[in-house]
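Letters A, B, C and D mark the chains in the order given here, with residues in each chain numbered from 1 onward.
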Amino acid sequence: MGVMRLGHVRLRVLDLEAALDHYTGVLGLLPVHRDPDGTAYLKGWDEWDFYSVILVEADEAGIDSFAFKVESEADLDRYREASLGHGVAVAECEAGEVPFCGRALAVTLPSGHLMHLYAEKRFHGKATGNLNPDPWPDGLKGAGGHWLDHVMIMCELDPARGINKVAENVAYFRDVLGFGLGEQVVAGPDGDVQAAAWMFCTTTPHDIAFGAGPRAGLHHVSFFLDDWSDVLRTADILAKRKVKVDVTPQRHGITRGSTTYFFDPSGNRNETFAGLGYLTQKDMPTITWTEENLWRGIFYHSGDVVGDFLGVYT
Amino acid sequence: MGVMRLGHVRLRVLDLEAALDHYTGVLGLLPVHRDPDGTAYLKGWDEWDFYSVILVEADEAGIDSFAFKVESEADLDRYREASLGHGVAVAECEAGEVPFCGRALAVTLPSGHLMHLYAEKRFHGKATGNLNPDPWPDGLKGAGGHWLDHVMIMCELDPARGINKVAENVAYFRDVLGFGLGEQVVAGPDGDVQAAAWMFCTTTPHDIAFGAGPRAGLHHVSFFLDDWSDVLRTADILAKRKVKVDVTPQRHGITRGSTTYFFDPSGNRNETFAGLGYLTQKDMPTITWTEENLWRGIFYHSGDVVGDFLGVYT
Amino acid sequence: MGVMRLGHVRLRVLDLEAALDHYTGVLGLLPVHRDPDGTAYLKGWDEWDFYSVILVEADEAGIDSFAFKVESEADLDRYREASLGHGVAVAECEAGEVPFCGRALAVTLPSGHLMHLYAEKRFHGKATGNLNPDPWPDGLKGAGGHWLDHVMIMCELDPARGINKVAENVAYFRDVLGFGLGEQVVAGPDGDVQAAAWMFCTTTPHDIAFGAGPRAGLHHVSFFLDDWSDVLRTADILAKRKVKVDVTPQRHGITRGSTTYFFDPSGNRNETFAGLGYLTQKDMPTITWTEENLWRGIFYHSGDVVGDFLGVYT
Amino acid sequence: MGVMRLGHVRLRVLDLEAALDHYTGVLGLLPVHRDPDGTAYLKGWDEWDFYSVILVEADEAGIDSFAFKVESEADLDRYREASLGHGVAVAECEAGEVPFCGRALAVTLPSGHLMHLYAEKRFHGKATGNLNPDPWPDGLKGAGGHWLDHVMIMCELDPARGINKVAENVAYFRDVLGFGLGEQVVAGPDGDVQAAAWMFCTTTPHDIAFGAGPRAGLHHVSFFLDDWSDVLRTADILAKRKVKVDVTPQRHGITRGSTTYFFDPSGNRNETFAGLGYLTQKDMPTITWTEENLWRGIFYHSGDVVGDFLGVYT
């Protein structure tokens, strides 16, 4: 019972064909459906549900919404009550309102982001099938991303005005949705301002992360790769295709992940992320990063301040 | 709520000092405690509970018991009732009876193996700590195994006599403990004999596996490594230390894991296993391997029958 | 001045189309030319000369000849004289006799193998070009082998009859062609029988190797891969394509290379070999393996005797 | 006959103990000797000669000299004549003048750098020995660098004044020492200014490189690692030890190498470099990078201009 995983993100892109070319040719997602208005649905080859990324053309880049899949309809009822009890607005969505999904809840997070919870989505199957499967399918393009791994969203933080949407989101995901808090950054003169958080519903280091900024937005969407050799291969592919790279291959201190950041043609930040990192569990002590070690946490190898990394987002 | 992870294994070894040298020097586990009778407790550097391996001297190698950690005492009550309802014998253990643990349940599995469930164990902490941690600690020995990953036990299967302890264990773990069934081997003339199973309570490909053999026993205990480069490094270390290697670096078809098998000095089979493989979820369709593809599933690269791999165990 | 590298091998295959499918689809060589009789010429994407593998249909698998490229025609003159002085038969080949090559020498090695030396071959260019090149080209198939790396040939050894063609070949390559001796196996009751040798003209661990057997033949032809992650990927591809695998990914003690062995459809043994291993130099002391460590030298991880590995060849 | 390899570098460091700690603890070189004045000699574990790095305390960081080993004394005679014929100043050094070496030539390169050529150096042996060796020794520290791989020196370039010490060095190494030119950067309005060059005497992509700057100096000394997984491990170690990192793990377009740059405590730039990259040969066409692709050549993944990378050197 409970939340299973990040199910999908709905991204706004400025040019749908350019975006499709990027998400299929660079990230290696598989296109599964187009709406009459062009809206595109894609999935990672290792995912079984119908899609995990929706690309919708818009005048401004960013994230419209993201969604988590729960185990059963009963979870939806339970989360509806608990959200309301927590003071978080929830609306019901009929089956199909979230495309190809059953009944859903539309949650307006404390940070202002729109999040759906759903229990059913059309089934598609992994590219390798369920019977005597090969470990990976033929014909993958680009990075061959396995699945949508996590999303990092930016939340308003203004201690002077008593606003900390990071902490409010953390409380909601912990108390209502039962997520664990894997890692956090604490800041401020007293080290008591929760300035970033990495939370999990699976047993991986994070399924969602919250960072602090002047406004709500999307920091990045991340796709899973096997290991560090895939990180190199992906970075090579980014260079071959002249993709705008934000951060070349690195180790995160936070989550231990090996990573590369880059931008889709609309300026939405993507990450390819490799390795399990470590196993998370409800009884694992939360890892805390202090403000003076923040950049070592973000980019372990250099520890350098990279202002645009936190300041530029959609 | 529910089962969190494989907490520990209690292994019988013929020579405790030789075993300690192996589990610390080859696998890189950290020794944390010795009982007055010599019984040794070890943990992986990336584990926070006090121990995950108990080595006890005995006349015969094998596994005495293994244990899963659950989230809360309430889980113990729930599993006690459900086990009895399922027809599985359960005994209560007072705090301390399972060393350094709180109250526990002693479950006699359909296969005859002894399994404990417990909710509390003495805390020790990761070697890297919880405050601004490095991704790995200095001074690791041998393979530097992160944690006890899973155990594979052998269960009696004799279709002619209507005995299938694999299937009985699967039913118990699925129906009572809420595990998912990630992969299975089906055999027999009608392809309806469940001859092996890989089950999960985390979101990794397996936390326990059941294989079929003429008698109950231990097939292997497995420790987690980051990736394929660690598999090579570990195999090099095995060679340097003249450890008896069973299976050189390979890819499993089943779980996709990259692996090396070898024996501790008493003949208990160890595995070092790398990579996440894939993310398991309750709604992931079970992967099925048919009998004629069994060996491709076990050793993907060669697909060769290696009789001793299934026939030799403790 | 001197021998530069292994230039090509001419392999006998039983079915040319099956062989072409294997060498292009599995090894990833690029087809560059067909003769009217079907004889096929292929090259690695990272080679600049016109071809490195010739496949010719025949009733029996094996190697017809192999060839080394020297720096200049003057080298041919010099090696002609020195070979004759060494008692080794040399014939002149006119330009074109060795296809697409200039004037060549046909050397009958002490072991009986036919080897050509040539100074000119038609130029083709790397797949990545010479101007602002990417590190690897798009569209590679299979293993994407970089280049023909080395060949191992089997030489008659019969100490009882005073026959050691390994040692005779070593003397020829060292004294006439100026190769270095990187590693050797010594055997026999007095440890003075040179039973295998790895020799270099580049600064890699070997460009040619000699093994001992009851008759002259081909042990394997080897193609270069970047690193251990490519070894895994190649082994996965072998499994996907159901290629007969001889030895799954391993570390050699000899040369330190990481390797996989398999067979082409005609039964010629192939190797994919990764990493530099170490830098060879004329003043590097030769590494010696004693008979009791022979198998540790061949297959470092297991050290196991694999009788067919030395006994089966074409 | 000819130049075999880069034999050693003599580096000026501001604090000898801090430097020793860095070159042993971070790079993993083995200390082999100290002079009475503290001058330290180190070697990589995979090198057989007595040392490859000399650390000498000085008021200013930089490189005093570097040295190449040739095959024989006859080479020294030959190079002496050819250098003089080329207009390059050469002085004779008696045995021992270059420490632990035989007779040597002191060459003042067109760029002003001091380079020694020698044919003999005291022998020490690889850490793994020559008899049934393991592929790597126990007890390595830090990155465990295999050997001194290459050096990049900065040479004055001022087209307006008709000064191009890059091109002059290239001509000397090519025409007198017989090096090959693997890659070059051409710049200037007509694309005819050779602004950087990578040259080889082994069959690896480079043994020495020349870059252009306002003054002669040392750009970096580089040490060999096996592969990309060692690059990650080394970068982790740099972070653990708070070494000043210049460039986090990347792929070079030029040489294809995977790399990390950092500084020793005195500000001398170090590189750890992994992989063979490709095999160089005398008949391999030189790879040319044009000015607008220069940064893609240097840092393939981002292609970004990193001004300090070329502007900061010792």
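Note that a contact is a pair of C-beta atoms (placed from the backbone, for glycine too) under 8 Å apart; a residue touches a chain by one contact, two chains touch by 3 or more.
Nothing here was measured: the structure is a model prediction, and the numbers come from that model.
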Please identify each chain that touches subunit C as well as subunit D. A, B
Taking each chain's centre as the mean of its C-alpha atoms, which one ends up farthest from the centre of subunit B? D
With touch defined as above, tell me whether subunit A and subunit B contact each other through largely the same residue numbers, more than half shared, or through different ones. same
Contact-pair count is greater, between B-D and A-D, for A-D
Taking each chain's mean CA coordinate, subunit B and subunit D are separated, in whole Å, by 49
Using mean CA coordinates as chain centres, what's the gap between subunit A and subunit B in Å? 31
Rounded Å distance between subunit A and subunit D, as computed from the means of their C-alpha atoms: 44
Among the residues of subunit C, pick out those that touch two or more other chains and give their numbers. 134-135, 227-229, 236, 239, 251, 253, 296, 300
Spell out the residues on subunit C that touch subunit A in their complex, using ranges where they run on. 134-136, 138, 227, 229, 236, 239-240
Write out the stretch or stretches of subunit A touching subunit D in their complex. 228-229, 232, 235-236, 238-239, 242, 245, 248-251, 253, 258, 260, 296, 299-304
Flag every residue of subunit B that touches subunit A in the complex, lowest number first. 1, 4-5, 46, 48-49, 69, 71, 125, 130-135, 146-147, 202-204, 224, 226-229, 251, 253, 256, 275-276, 278-279, 281-290, 293, 296-297, 300
